[in-house]
Every structure is written in structure tokens, then in C-alpha cells.
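Two complexes come next, and they have one chain in common, chain A, joined by chain B in the first and chain C in the second.
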Partner chain A sequence: MIRAAALFSYYDLTLLLEGFLTTFALSLIGCLGGFVLGFAAAILRTTRSRVMAPVRAALFVYAMFLRRVPFLVTLMLVFYATQSLHANLPTFAVASISICLIAAAYLGEITRGGLESVHANQWQGARALNFSHWQTLRYVIVPQAWRVILPPTFGFLVMIIKDTALASQIGVMELTAAGKVLGNKGVPAVLVYGAILMLYFSMSYPLARLGKHVERRLAAARNH
Partner chain B sequence: MPLLEITDLKASYGSHTALEGITFSLEKGDVVSLIGPSGSGKSTLLRVLMGLTPHAQGSVRFDGRIIDYADDAAVRALRADVAIVFQQYNLFQNMTVLDNVTITPIKIKRWPRRAALQHATELLARMGLSHRLHAYPDELSGGQQQRVAIARALALRPRMLLLDEITAALDPELVGDVLATIRELSGDGMTMLIVSHEMGFVREVSSRVVFMAEGRIVETGTTQQIFDAPLEARTIDFVGKILRH
Partner chain C sequence: MTLQFGPILEQWPYLLGGAALSLWIAVLAFACAMPIGLLCAALLHYGPPAMRRLVAAYVIFATNTPQLVQIFFLFFGLPEVGITLSPFTAVLIGATFNAGAYLCEIQRAGFASVRRTEIEAAEVLGFSRLQIIRHVTLPHVMKAMFPPLSNQFIVVTLGTSMASIFGVEELTGRSDNLGAETYLSVEAYGVAAVIYVAMTLIATCVLALSGRLVCRAKMNIV
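Take a look at the complex of A and B:
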């Protein structure tokens, strides 16, 4: 144990910690950004007015394309698009934007499915009582949809943590990239990747637990 | 002046004509029943009146005002005066009995909370549901759910009630309680337009009966006339079949 610890220099540990924090930040931004954007997209797609038709069409196309393209491709696309616009964004920002875009596409579809799972007579009942579209969503539809939305949402969020590893492809020094550097430096690979495994787990496990907790709290709403 | 006056109403689903030439009116305190075979347009008519289904032509007047169904504010004003109870209750599954009844007065109408709660509690007591205020809809029997739905409609103090086959989804032994509630409301002078297949009940509570078939009104008359001395062949046929049961 002491020998193993000695294999990591102070520099190595700092690198690993930085990688961990970067992965954590990317995951957090991806989860929150993706959830907020995806939720908004799903809500906008419940509208019925003609004015909103182009927005609905755009969101439909967006969700369809992004879910059919490998994450790496989206990442490269955002990377080169921002480069060609001379936006000169840091790679961390590029990775954050990409993760949010992809998470929004998936979580938007999950949320939409949840909203549509609520029986049509709930909409009708609310309409007859003069609820507006937004009031119906807020008081009636969304509370009943959580039950369907939450389990796959947290499943996807855990996957997002793993997918942040792809950010290393555009030069973000996140956890997996840090592992590669340490491996190249000669730190035993099993040790490095064992440590990385534990670090990924230390993020995804609490998130999965949080998911269960939130499901129990919010999904307590009765539904048929 | 009639409270509700329907003139030459027409509605269609695609090429199928659901309603055609519907004309009749209700005075305040009237209880009118719509009867007729399935698919004759009775429920569609109630949905059109509530602005839940669009209609192609004709006019609806409530309390003297013509309702412009294209105007959101006008439809909302109408729904403030006319409440509907559905066959499937349509109670909000995520809310308790009390919340189902109070949410519209409190959150949508912004009436004072305390008064809304008190009114809801009274209504639910009247429905015999005082012991189930904090139950969720799926913990109740169908008959109890339907009485909650009636209380929810009454919580808005409507001037008229539309009842859309409210006993059709209930087990036979549960029908009685719901009908007793409606009977009581009619006794209180509530104006009601009822779609029902419970002929004994229709006969008992209605002042007038409208017989519909294939989207049209075949015959309108007093309850006694429609049941005892119908004039049209189709009415005779329908009533005859039903009374033989």
C-alpha cells in the first residue's frame, strides 16, 4: 500500500485531481444544462398553436439528428464550427456545449415521452376547467409525468459522466486523459486506471442514488 | 329568455357529419336529457358546447350572449358558467380529493383559499365523502370518483351543468349514489343537460327529452310524451327497445 502510494508523485496526484474536477464540471454542466434545455424543448413541443409550429419542427429535427450521430461527431462538429467562426473558445467550453447539446436531445425525448404518457382525459378535464396550457402542464401533466421521466433520465445522466471521456479527443485534460498521461509517464497502468475507475464511480454512484431518492419523492404522485 | 339557446348547430369529423341542424333551448332550472343510440352525437354536442370540439356552423347563446368559440376569452367566460362532468371522471390523478375540488377555485380563479376550502369541504360532505378528503382518485371506487368530479364541477358555482354519461363507467351497484346526487341538484333548481342511458333516471329527473339519431334531433318533447306517446317511428323503436329491457 505504501509502495503503491509512493508511485504517485505530487505532480501525478495533482494531475489526477485536476482531471477529476474537469470531468466533474463537464458532467455537472452536461446534466444540468441538458436537463434544463431538454425539459424546455419537450415543453415547447407540447404547444399546439400555429405560431409555434416552426419551433416544434426545428426541435423535432434537432432531436432526430443529434440522437443519430455519435457523440464524438457532435463534439468535432462543434469544435470545428467554433474554430471556423474564429470564436476561439477554450476546449472545455466546446466540450461543455457539445455535452449540453447531446444531453438536451436525449433528455428532451425522454421528457416528451413522459408528458405524452399522461392520459389525454387529464388535458381535457383541465381545459374544461379553464386551465391554460401552462397551468395544465404545471399542475396536472408534469407532476404525473415524473414517474415516467425520472428513471431513464438518471440512467442517461450516469451515461453522460462516462461520455465526458470523449472530451479528451479535442484536448480537454479530463480524467481519462489524465490517466493516459500518467500511463505514458510510467505509472503502472493497472494502478492508474484502477484509481480512475474509483473516481468515476465516486461520481456516478451518488448520482444514481440521488436519482432513486428524487424518484421516491417526486414520483409519489399517483397515476394509473 | 332561455339560459341556453342552440341554433342550427353543425359539426363534422373529416367527412363524417357528427351533428346537423341541432336546435333547442333550455330555460333556467330546466333538466333536459339527450337520449339516443350510441354514435348519435349526444356527447359531441356537449363537447361542442364546452368548446372542446370545434363546430362548423350554427350558434350558441348563453344567457342572451352569442358565444364566439374562436374568441378564447368568450369560451373561458362560458366555462366559468357552464361545467361539465365526464364519463371517465377525468379527476387529476396526482391530487387528493380535496385538491381536485379546490385547485381550480384557488389556482385558476384566485378565489380566497379559506372560502374555497370551506365550500369544497361542504360539497364533499354533501356527496358523502367527508371521510375521503385526503384520498387519491385511484383509492376510490368509481362511484366515489364520479361524486368527486361532480363536487369539482360545483365548486366553480356554475349556472349550468353538462353531464356526459356519468354513470356509464360505473358498476351497477354504484350508479344509485351518483343518481341520488343529481336528483338532489335538480331539486335545488340546477339547470342541467344530461346525456344518459339510464332511462329510469332520465324519466324521473328530466323535464324534457331530446331524442337524437345520426347527429340529428329526431324528436323533442316532454318526458312523458317521449316515453309514453312518441310520434316518430325511430323514437318509438328506440323507446320500445329500451322499455322492454
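Take a look at the complex of A and C:
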């Protein structure tokens, strides 16, 4: 134990802390960006006009593709694409873009499922009351869809936190990369990766618990 | 930027071989994780309290930490206590460890979905214990479990791309090699992405079809 304490010097601890904060920032950007983009995509897919048909088709293909490609491949694709376009983006930006892209696909699908879970009668009723498409969404559909959308969303947000570990592959100095640096410095791998696992756990477990809590509360509200 | 897919597409047998290896890792990991998940689900339900807490801790830990770091731990950590794993074994154990926890959750939820009243109704009708399992519990559980299970198989398949980080030459690893040889990384990863989409779509179709035939589970393909 004394050896372990000596190995985690001041420098090592700041490295871990910086990695932790980078992972946190990446996850936050992915969650927020993905949620906004995914929500917008799901809303666009509720449109019925013929003019929007190509947009709907494009969003459908987008969601289907991105959810069937491993995150690592998406990450590398964005990385090499920005490089060959000579856009000198920092690796953090590349990782953020990839995470937002993939989160938009998953969260868009979750949101779409939620919106579709609201019975068609609700659309018809709103129409009979002379609600516009947007008013129907705003006042009728979305408020009812929330309880279906939220529980799986929390599950996916935990997924995003875990996926950010792959950003270490393109050189983002996040938690996993910090672990690799410490490992190369000669700190025992069991110690380093054990600590890293615990740090990831401390980030995703509260979120998972919150998700369970929200799920229980929403389920209770539905059974009334 | 002009894209040149020619040199990459010429190597299609090499890439498809990688895809086969990806699928093989996924099938192996899933096949090993299924009994682990089943055992854990049974222990959660019937085991002694201490065992229940242990299994619950495993599920919470495995589902809340990245698979990549778990494999790093196995691959770099275990040699320090004298167990050296080959990259393939480390990835396989990591994927199994991770999938086992998710499959436990799915199977637990599947068994919990059988209503007590259904079994009571079967008892009233004079079904024996075995008959209840065979005609009431099992069909219900299979039908409820099949869609999330096949979904999880796709997740495991996509997760095998991490093996490339440890030097296993599956689809991602091979497209990385091709990219390094030809300097056409965008094209190489683009082709790999399309193969992943095709591979998982075929897998979903096969699973959906067999699910419909065997378990009468309704599944959407896209």
C-alpha cells in the first residue's frame, strides 16, 4: 500500500484529474449535442409533407447506418476525413464531433420511438381542435412522450460516457489515455486501470441510478 | 480530396476474412456470456443473500465501466500476477465479462415478465410442473427475451472492433492495416463501415426471421 501511495505522485494525480475532466467534458458535449440533434431529427421525422420526404429518408438512412457501425470506426473515419480535408482540428474536437454524430443517431431513434408511442387518436384529436403540427407536438405529443423517452435516454448517456474511452485511440488525453501514460511510466497496471475503472464508475453509476429513479417515478405516475 | 476506393475494394477477400473473424469473436463471446447471464439471473432470483449481492455488484460494475478499460485491465494487469493472455483471449474474456452482465439483466427481466396468474391458471388446469415450464413459462420468456437478446448480439458484434486496439486482425484491424499500406485510410474505414452495416443487417434479418418462426417474437428489422 505504501508503494502504491508513492507511485501516485502529485504529477500522476493531476494527470488523472485532467483526464477525468476531459472525459467528463467529452461526455457532456456528447450528451447535450446528441440530445439536441437527435430530438431535432425525431421531430423532422414526424413531418408528413411531400417536400420533406428526402429529409426523412436521409435521416432514416443516417440513423440506420450510424447505429450499425462501431464507434471506433466512426471515430477513425471522422479523424482521417478531417485530416485529409486539411482541417486542423484538435483531437478533442474530432472526438466531440464523432460522439455527437453517433449520439444523435441513437437518441434520435429513442425519441422517435417515444413520439410514436403516443396514440394516433391524440394527433387526430389535436387536429380536430385546430392545432397546427407544431402546436400538436408542443402541447400534446411531446409532454406524453417524455415518460417513454427518458428511461432509455439515461441508459444511452451511460453508454456515451463509456464510449469516450475510445477517444484515447486518436490521442485525446482523457481518462483512458492518462491511464496508458501512467502504465508506460511503470505504475503497476492493476493499480492504474483499477483506479481508472473506479473513476469511470464514479461518473456513470450516479447517472444510471438517476435513470432508475426517474424510470420508477414515471412508471408509478403511469399506473395511476 | 478525391476518394479512391479501387485499391481498397481489390482487397475484398482480406476484409471479408476480417469480418468473419469479427463475427466469430461475437458469436464466441455471446455463446459464453449466455450461460453466465442465465446463471447470474438464477442466482439473483433464488441464490442466498450474499450471492445475490455479489451478482448485483458484478452487473453494476460491468455495465458502468468501459469495456475497453476492462480489457486493458485484463491484458496489462493480469501479467503482473503471472497470468499472460493473448490479445484474442483478453478481448474474448473482456467481451464475455461485459456481455454476461447485460445478458443477466435481459434474462432476469424476461423471467420476471411471466405473471404469477398465468402459472396459477395452468395449475388450475391440472398442468404438471414440467408441463407448466414447457407450455407456459418457456414460450412466454422466449418471446419476451428474444428481441433484446438479438439486439445485444448486434451490440457485442460492434464491440468486437475494440479487438483491433490489441492487435487482433479483425475487420477494423485489417482496414487499419490497409489504410496504413495505401494511405487511403478514409476509404479503408469507409468500406469497413459499409461491411459492418451489411453484416449486422444480415444478422438482424436472420435473427428476426428465426425469432418469428421459433419464438413468435415480433421484431422490427430496422
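Here is the rule we use: the second predicted complex is superposed on the first by the 206 of 224 C-alpha atoms of A that agree within 3 Å, B and C clash if a C-alpha of one lies under 4 Å from a C-alpha of the other, contacts with A are read in each partner's own complex, and residues count from 1 in each chain.
The rule is simple: a residue touches a chain if its C-beta (ideal position, glycine included) is under 8 Å from a C-beta of that chain, and two chains touch if they have at least 3 such contacts.
This is a predicted model, so every value here is computed, not measured.
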Chain B and chain C placed together on chain A: clash or fit? fit
The answer to whether chain B or chain C touches more of chain A is C
Requested in this report: May I ask you to decide whether A:Ala81 touches chain B, chain C, both, or neither, giving the answer as first, second, both or neither?
Outcome: second
Once the shared chain is lined up, is A:Gln122 touching chain B (first), chain C (second), both, or neither of them?
first
**Asked** For A:Gly113, is the partner it touches chain B (first), chain C (second), both, or none of the two (neither)?
**Response** neither
Figure out whether A:Pro151 sits in contact with chain B (first) or chain C (second), or with both, or with neither. neither
Check your understanding: Once the shared chain is lined up, is A:Tyr205 touching chain B (first), chain C (second), both, or neither of them?
Key -> second
Vertex chain A, Cα centroids of chain B and chain C as endpoints: angle rounded to a multiple of 10 degrees is 100
- request: Check the residue A:Asn130 against both partner chains and state whether it touches chain B (first), chain C (second), both, or neither.
  value: first
Overlay on A puts the nearest Cα atoms of chain B and chain C apart, in Å, by 23
Note: in the complex, chain C contacts chain A through residues 1, 60-61, 63-70, 72-73, 76-77, 79-81, 154, 158-162, 164-165, 172, 175-176, 179, 185-186, 189-190, 192-193, 196-197, 200-201, 222
Listed in rising order, the residues of chain B that touch chain A in the complex are 50, 52, 76, 79-80, 83-84, 86, 88, 90-94, 103-104, 107-109, 136-139, 152, 156
Note: in the complex, chain A contacts chain C through residues 60, 64-65, 68-74, 76-77, 80-81, 84-85, 158, 161-166, 168-169, 176, 179-180, 183, 188-190, 193-194, 196-197, 200-201, 204-205, 208
Chain A contacts chain B in the complex at 119, 121-122, 124-131, 135, 139-140, 143-144, 221-224
